[in-house]
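Below is one structure. I have some questions about it.
As written, the chains take the letters A, B, C and D, and residue 1 is the first residue of each chain.
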Amino acid sequence: MELFLNSAESANVNPEKLMPMADAIARFVADGAEVVIEGFTHLISFAAAHEIIRQRKRDLTLCRLTPDLVYEQMIAAGCASKLVFSWAGNPGAGPLYALRRAVEQGLPHPLELEEYSHFGMVARFQAGAAHLPFLPLRTFTGSDLPRVNERIREIACPYTGERLATVPALNPDVAIIHVQRADTSGNCQVWGLLGVQKEAAFAASKVIIVAEEIVDEAVIRADPNRTLLPGFIVSAVVHEPWGCHPSFAQGYYDRDNDFYVAWREISQDAAKLAAWLDEWVYGVANRAEYVRKMGDALTRLTARQQMSSGVNYGY
Amino acid sequence: MATDPGYSPSELMVSAAARELRDGEVVFVGIGLPNLACNLARRLHAPNLVLIYESGAVGAVPERIPVSIGDPALVTNSIAVASMSEIFYNYLQGGKIDVGFLQGAQIDRFGNLNTTVIGDYAHPKVRLPGSGGACEIAIHAKRVLCIAAQSKKSFPAKIDFVTSPGHLTGGDHRQRLGMRGAGPQRVITDLALYDFGTGETAGEMRVTSLHPGVTLDKVRENLGWEPRVAAELATTSAPTREELRLLRDELDPGGLYL
Amino acid sequence: MELFLNSAESANVNPEKLMPMADAIARFVADGAEVVIEGFTHLISFAAAHEIIRQRKRDLTLCRLTPDLVYEQMIAAGCASKLVFSWAGNPGAGPLYALRRAVEQGLPHPLELEEYSHFGMVARFQAGAAHLPFLPLRTFTGSDLPRVNERIREIACPYTGERLATVPALNPDVAIIHVQRADTSGNCQVWGLLGVQKEAAFAASKVIIVAEEIVDEAVIRADPNRTLLPGFIVSAVVHEPWGCHPSFAQGYYDRDNDFYVAWREISQDAAKLAAWLDEWVYGVANRAEYVRKMGDALTRLTARQQMSSGVNYGY
Amino acid sequence: MATDPGYSPSELMVSAAARELRDGEVVFVGIGLPNLACNLARRLHAPNLVLIYESGAVGAVPERIPVSIGDPALVTNSIAVASMSEIFYNYLQGGKIDVGFLQGAQIDRFGNLNTTVIGDYAHPKVRLPGSGGACEIAIHAKRVLCIAAQSKKSFPAKIDFVTSPGHLTGGDHRQRLGMRGAGPQRVITDLALYDFGTGETAGEMRVTSLHPGVTLDKVRENLGWEPRVAAELATTSAPTREELRLLRDELDPGGLYL
């Protein structure tokens, strides 16, 4: 049992949290680690994924509801040995062919699968965040999923006797969360779709925050109900504008649907995919270079303005 | 289907699905045809329909056709954004969802759905996306509507994997397992409409209506089992001129799904 | 088992949700009902409590983390036969003497207690909201609380074998939630302290929303991340400015600490308390009259302005 | 305590409690003396102290002395507002809280606290407020600090009800029950400072420091048991001039708690 006598290394007195992505990945993503890059269609840190690929991390267990293009690229690049997930498709644009090659043919090498439903994954993160070993939920009844995943179990309610499904907590080594804005301590805010990022971050041993904008702490404090996470659970803060492309950041840039559609053809062909990685991942030093390479797409995707109004925090 | 009826099978399916929705209902909806059906119903007989997407958008009023279940257009001007924990624990499991739409690579006569694998799970011939939220939608939505193009392959006698439970082995199997949702109530294909029977054959798909120009033989040719057929077999109403106008001019002008 | 075949009475096509408090209480609070008026120090609907007293509702089971003055007044007025709670004091100002008279001496009549910790109550509401029969949590270990409340039980984790405490779901007949603003469908928004209102509302069979301001639906839709509840789970909407006094509404009016301090003396003396109820509850027809009676306090308590900025919801 | 030392017992307790807090720690704090101790530490040696209130305010920087745990001043300019579910499940049970402050109507030699009843639970002589969040703070905070005015009545040999577990029967009793938090580490009274010993007597209160002018006999007179005493007994440092200035001029100018 871990005992909490010394709370020495409090993350919030470290003045050195702001760092380049390369440093954050080098420090907090080890080979063999259990890694979560969350964001349900929204705020997916492709910037972090690409840096993990560039640093040739290996044997990662990748956890995420929807592997999406972000994990497919990491799998195709050989970073992953296991995938924990609930829906593996190219959203709105077909299958993930490279992921299928890994599962069906073991290419570039075999990929172990641990599979839940979305609800199951959400409950796993929530249990992890709350330091519970499991959570009960009502799903999987009549489904074959428990037959192929022995970690989906049952429990009897101590009040009604009825049987409920359970999933075990998911406590990744590191969670990488993209946000619209953060201060240098890691206090951060998000709006638009929220996904499971809060739960994933509280569940993780280390949290890397990637932000579209670095703002003064006063910006956070002016609207505390918008805050996703307090800085004291954050280990690193990375400033990475356009860090989610081809995913989106509400109020900053739109989803690049053309890219998702084009990916279909790229992922169908291992050679094309390798060439794409060569050009867009290995071929650039960092995200800033990727963004410069995007060219006109920046204009096409930049969000138009639709500002909300403020509310009164006075008393 | 000799002569051009003036609409596509997808348009007919969307129109038929829209008519299943009642005003004020809360619908858990994905992209594609279900999304079109909901937005069509909202423009016509169900202006107070509440659209909820598993991504967390509640009361979405997308200005453009959403290309992903997490399209930013689902958030802008929506009623609320819920975390996915709230969506699954409070909205879906909490019993707040009236209608869920499901699709599947395979569907059997009891409305059980497979979106996981073709072939063996450990060594699949085709690895499909998996459940997503489908398994819990199938269990918790008060009723489920299925939309699928019909073929012997997609409607086999036995599906390779039950991702999302329909009526399982039929009858009151769902209720015996404690499920609150009533399960699949309609299947809408490109050939026919089905309900799930009554009495002794309750829980099993039953042809209730043939689409214009479709024969029962045609339905049989595209089904992996001998279907039950309602005593009074109707002909599905074609999409109205107004429905087609809305679909083509406003809801999917690019023909992304139709 | 309830089966959900007909979803006929969807709350969101009812155009008649906006109603006076007297109607909402008459329609949705029955004698003997399990009632929740939530709000942790913030946004406590004293307006609803006073109307319940005026309508002489009886045998209520009152559930709330902190009974506070709001339930003490209802208990003193004879509305309650049972209290489900976790902390019963006058926050910052001493004991709740009338509640103590009920518990220690059975005056005005006996009050059954069902007692948890805050965490236990929070988990009960959360289980109720999620339609789970129970939730596990790590508390009560070594405490005498499970000894005096047999509804606090244990369960073994199906993964680790460790024993965790459990509490049963709380699904009240009605939850009454005060918000800063709502539209006439019941879509509502809150900022400042959030308490357990979201969970309490989702857990309840009926929800009454009481709002400082009734706004156009467009105000809600302009900032969907601020929304507490969607209207389709709401049965009644009541417009009641200053409806929380002596509690507070962030951005509208401050907590009336003088009142909480003064209450100490009032609650110490059953006759004084009865006189207070006569003057401020039975003696006024409705909340508007109470507010007029407040006089200068309105100026003293009105919030100063400290507006937050908007965020961009465009894409 | 013959001559006026120039400060009140409360001021000394607040000053002693403030010195227990290290910069950057995350403190779960109530109102009254603990709140003053935290805000005093924040102005002096611990500017990065994070104050969390069970009401949901995280990183609060109250401009006025909060009179309730849910004072609006705790929200304005705070870092975050968390729902109470998040506060208890994620922050507290999730192991994110370094220090919890607890008070009690009764405290025993093992730091077990009673805030529930005096007398029998079913027929109490005095009904106290109950646990609130105290039971889970006692279990989950990495360490707990107790502040209480000392008397035989409030520090009895046996308390009437264990609301919040301290070291239970002493030794490693907490750990054997699987608690991650280390439990009470200090008791700060108006007479003395205590720790919870080491070795064979670990988990039991031990006098480590007497306040200026206080004798060990005086401590004994106000304690329901014969206390253990540290080999080297210190004298508690008096509040500094700067501490007193901050407390009196800025933190509690109205003398609400001091």
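Note that in this section a contact is a pair of C-beta atoms (placed from the backbone, for glycine too) under 8 Å apart; a residue touches a chain by one contact, two chains touch by 3 or more.
It should be emphasised that the depicted structure is a prediction, and the values quoted were computed from it without experimental measurement.
Comparing the centres of all chains, each the average of its CA atoms, the largest separation from chain B belongs to D. Compared on C-beta pairs in contact, B-C and C-D come out with C-D as the pair having more. Separation between the centroids of chain A and chain C, computed from CA atoms only, is 37 Å.
Chain B and chain D have Cα centroids lying 58 Å from one another. Centre-to-centre spacing of chain B and chain C amounts to 39 Å, using the average Cα coordinate of each chain. Averaging Cα coordinates per chain places chain C and chain D 30 Å apart.
Taken residue by residue, chain D touches two or more other chains at 57, 72, 75-76, 81, 89, 93, 178, whereas all remaining positions touch fewer. Listed for chain A are residues 131-132, 137-138, 162, 191-192, 194, 198-199, 222, 225, 248, 250, 254-255, 303, 306, 313-315, each touching two or more other chains. Inter-chain contacts occur between A-B, A-C, A-D, B-C, C-D. Across the complex, chain D is touched by residues 1-5, 7, 10, 12-13, 129-132, 187, 198-199, 202, 217, 220-222, 224-225, 227, 229-233, 313-315 of chain A. Of all the residues in chain D, the ones that touch chain A in their complex are 22-26, 48, 50, 57-59, 61, 72-73, 75-81, 86, 89-90, 93-96, 98-99, 142-143, 175, 178, 180-182.
Considering their complex, residues 131-138, 151, 153-155, 157-160, 162, 164, 166, 168, 180, 191-192, 194, 219, 222-223, 225-226, 248, 250-255, 303-315 of chain A touch chain C.
Those residues of chain B lying in contact with chain A across their complex are 31-32, 54-57, 67-72, 74-76, 81-85, 88-89, 92-93, 112, 116, 121-122, 124-136, 139-140, 161-165, 168, 173-174, 177-179.
Chain contact summary for the complex, chain A toward chain B: residues 40-42, 65-66, 85-89, 91-92, 95, 99-100, 103-104, 115-119, 122-123, 126, 137-145, 148, 162, 191-196, 198-199, 248, 250, 254-255, 257, 260, 303, 306.
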